[in-house]
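Pasting the structures here.
There are two complexes below, and they share chain A, which is joined by chain B in the first and by chain C in the second.
Here is the complex of A and B:
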């Protein structure tokens, strides 16, 4: 009897040791697992079967309408390197869409750290579609005091912007002839991981009434849904998934779609860790209860 | 593998930052300080070339628009903030800035409260079963969440049940926000990993 009890105790102690080893797992092993879950899918074929959501489709449709009406679009490149991974694929997909339909693009920027990023992005996509600066696209560059600039933009953007990013007088840029304010743009995009998209609504949309779409990081996406219901926003692009959806509508695989397989595997790994952690926590609690009973 | 030296700088900096995951170390510290220094330098350059030079220096000193002396003086006054003795001088331009911000209050109330309230009251109960369910969720969801934060009545009986429903909706909303946060953080890692594998090592196309 005592031998059997000893055997039971030994196996119970082994289980406990195993349990506490896993519960005290070095966090660096978790990091390695996440890293592998993110990195390995890049060696697989990208996910291409992504169904677009209503608000991504409506954003896409606005650019299509801009092409039909031959009106330009305005893009606020209000992101910096910190949110580059999520917002750059979005920006590239929108610009690609616009250039592929011969829609002219005007870029502005209210986030200082992202100024040259915006200029590079426009230039990079323009090269792909053989578009010329000043004829097919223009970048106004950075200006502080977004509220004042947006209020001026509603009347005449030349009140705030005298020259473009490269120092050229706006009156000498052929594409800008006939363009004056928000009314002359079919859609206005703001791509940002900050609170700037809501500033566009406060000082722009509610006052001057234009088709407005916000492209935001996944973290802040949930905050912007109320503006869709109220009609203040016509579309919403939330995080890398929205970029992938837009690429899907465009039929061009790029960073958004490439990242989605990694995104899924990253999620699965985290979910697995959460489930395992909870099960182990439950088992630990049961062992602790058993120990208490034995002591009593 | 990339032959562009700037890609190498980016890749090595990324790896230096990632070493923090192993443990705090001098490489991480170095990368962090270099990043802060470069960012500040970049901000100063862009501010000078995009703002101060075209909007202040040229109009004031070359085109003689003397009215711009006022913002110039106010900008200089702002720099007194660094002095413990004369720090109060910076309060004047600061007061002007805060005063101007007041302009945004009615606009913000209109955008974030009145328009949202209007949209909730005017929910459409037409267009099929799904839009009707959505409209009901919006209407009852808003009301129950408001009741959850209403403490003049004890949360008992019907009020308690509605408040509980409101708190459940809030939990769902927090869960969705947390899910989005996880997605965002993974996206950032994806961006860096793709940069290392494609732009630097060239093993992914």
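Here is the complex of A and C:
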């Protein structure tokens, strides 16, 4: 009897040792797992079978409407290198869509670190579609004091912007003839991982009533749903998945779709960690309860 | 001296606060004329504030880099060298598309900042394993909601079950909006109260000399 008890105790102790080893797993092993889950899928084929959600489709439709009405769109490139991975594919997809339908694009920027990124993005996509600066697209560059600039934009953007990013007088740019304020743009996009999309609503949408779409990181997308319900936002692009959905609607494989495999495996790994962590937590709890019973 | 440090900034804040408030709700022609000058000044002051920030940063890091007792002084020195180096390169080569300044920004700054932000994935994975526990009913709700929303954010979600995106959409549209609205209202009321306290001079801690 005592030999059997000893055997049981030994196996139970062995299990406990295993349990505590896994529970106290070195952080670096977790880090290696997530690194491999994100890095290896870059060598896989891009995920192309992506259904578009309601708010991405409505954003896409607004650019289509702009093409039909022959009105330009305004894009706020308010992201910096930190959120580049999620927001750059979105920006490229929107510009590609606009240029493919001959919709003119005006770019603005309120985040200093993103100014040259925005200029480069516009230039890169313009080359793909053989679009000319000043005729098909313009970039106004960076200005501080977003609230003041947006209030002025509602009246006449020339009040704040005298010259473009390259130092050219706005009155000498042919594309801008006949453009004055938000009313002349069919849709206004703000792509940002900061709180700037809300500022567009407070100082722009509420007062001047225009079609507004925010492109944000997946982490901050939840913050903007109240504005969709209230009708202050007509569309929402949340994270890389939205960029991939937009690319799906465009029918062009690019960074959004390429990043989907990595994002998928990253999410699966995190979900697996949550499940494993909880199973171990319950086993540990059971062992602790058993120990308490034995002591009693 | 106190008059210049406290009273004058307060009077400017009071005047501009009331004027901006009135302009937002009463865009009268006369107000628009004044607003044009005021908005130019606001942008100029915004640019000036950046210069003040840069000078303040250089002074702070200069002092830190001279402190021989501080083992981290080399980091301060690197910051200073990078700041001054980039400024000089910007002045010499310009900041256009094909300048050295832009090349450095694209090839150094972007990978550095992206790397910093990507560390988030590692912390989330570690936290998911160690801390995301089903300890109570509300923790369970959070856990289930998180898994559904995470699955909906990847194409695999709709392959596992067609309803996952719809459930995620409901979570975002209903419970999320209800909670966010409550938070937004709280923040907005707090912001209005804070703004009024500053405009009316009840809270003078924001003016010069605060905390000294």
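In the analysis below, the second predicted complex is superposed on the first by the 296 of 296 C-alpha atoms of A that agree within 3 Å, B and C clash if a C-alpha of one lies under 4 Å from a C-alpha of the other, contacts with A are read in each partner's own complex, and residues count from 1 in each chain.
As a convention for this text, a residue touches a chain if its C-beta (ideal position, glycine included) is under 8 Å from a C-beta of that chain, and two chains touch if they have at least 3 such contacts.
Predicted, not measured: the structure shown is a model, and the values here were computed from it.
Asks: Based on the shared chain A superposition, would you classify chain B and chain C as clashing or fitting together?
Replies: Result for chain B and chain C: clash.
Asks: In the overlaid three-chain picture, which partner chain does A:35 touch, first (chain B) or second (chain C), both, or neither?
Replies: Both: A:35 reaches chain B and chain C.
Asks: Is A:134 in contact with chain B, with chain C, with both, or with neither (first, second, both, neither)?
Replies: neither
Asks: Contact-wise, after the overlay, does A:270 reach chain B, chain C, both or neither (first, second, both, neither)?
Replies: both
Asks: With the two structures laid over each other on chain A, which partner does A:239 touch: chain B (first), chain C (second), both, or neither?
Replies: both
Asks: With both complexes overlaid on chain A, does A:85 touch chain B (first), chain C (second), both or neither?
Replies: Both chain B and chain C are touched by A:85.
Asks: In the superposed arrangement, does A:218 touch chain B (first), chain C (second), both or neither?
Replies: both
Asks: Could you tell me which stretches of chain A are touched by chain B in one complex and by chain C in the other?
Replies: The answer is residues 31, 34-35, 38, 82-85, 112-113, 116, 143-144, 207, 218, 221-222, 226, 229, 239, 241, 263, 266-267, 270 of chain A.
Asks: Contact residues on chain A for chain B in the complex?
Replies: By the definition above, chain A touches chain B via 28, 31, 34-35, 38-39, 42-43, 82-86, 88, 112-113, 115-116, 141-144, 147, 162-163, 165, 167, 198, 201-203, 205-207, 217-222, 226, 229-232, 238-241, 255, 258-259, 262-263, 266-267, 270.
Asks: Which of the residues in chain B come into contact with chain A in the complex?
Replies: 21-22, 39, 42-43, 46-47, 50-51, 54, 103-104, 107-108, 110-112, 115-116, 118-120, 138, 173, 176-177, 180-184, 186-194, 197-198, 203-204
Asks: Touching residues of chain A toward chain C in the complex: what are they?
Replies: Checking each residue of chain A against chain C gives 25, 27, 30-31, 33-35, 38, 47, 49-51, 53-54, 80-85, 112-113, 116-117, 119-120, 123, 143-145, 148-149, 151-152, 155, 159-160, 166, 207, 218, 221-223, 225-226, 229, 239, 241, 244, 260, 263-264, 266-271, 273-274, 276-278, 281-282.
Asks: Give every residue of chain C touching chain A within the complex, in rising order.
Replies: Those in contact with chain A are residues 23-24, 32, 35-36, 39, 42-43, 45-47, 49-50, 95-97, 102, 105-106, 109-114, 116-118, 121-122, 124-126, 128-130, 132-134, 143, 146-147, 150-151, 153-156, 158, 165, 169, 172-173, 176-177, 180-181, 184.
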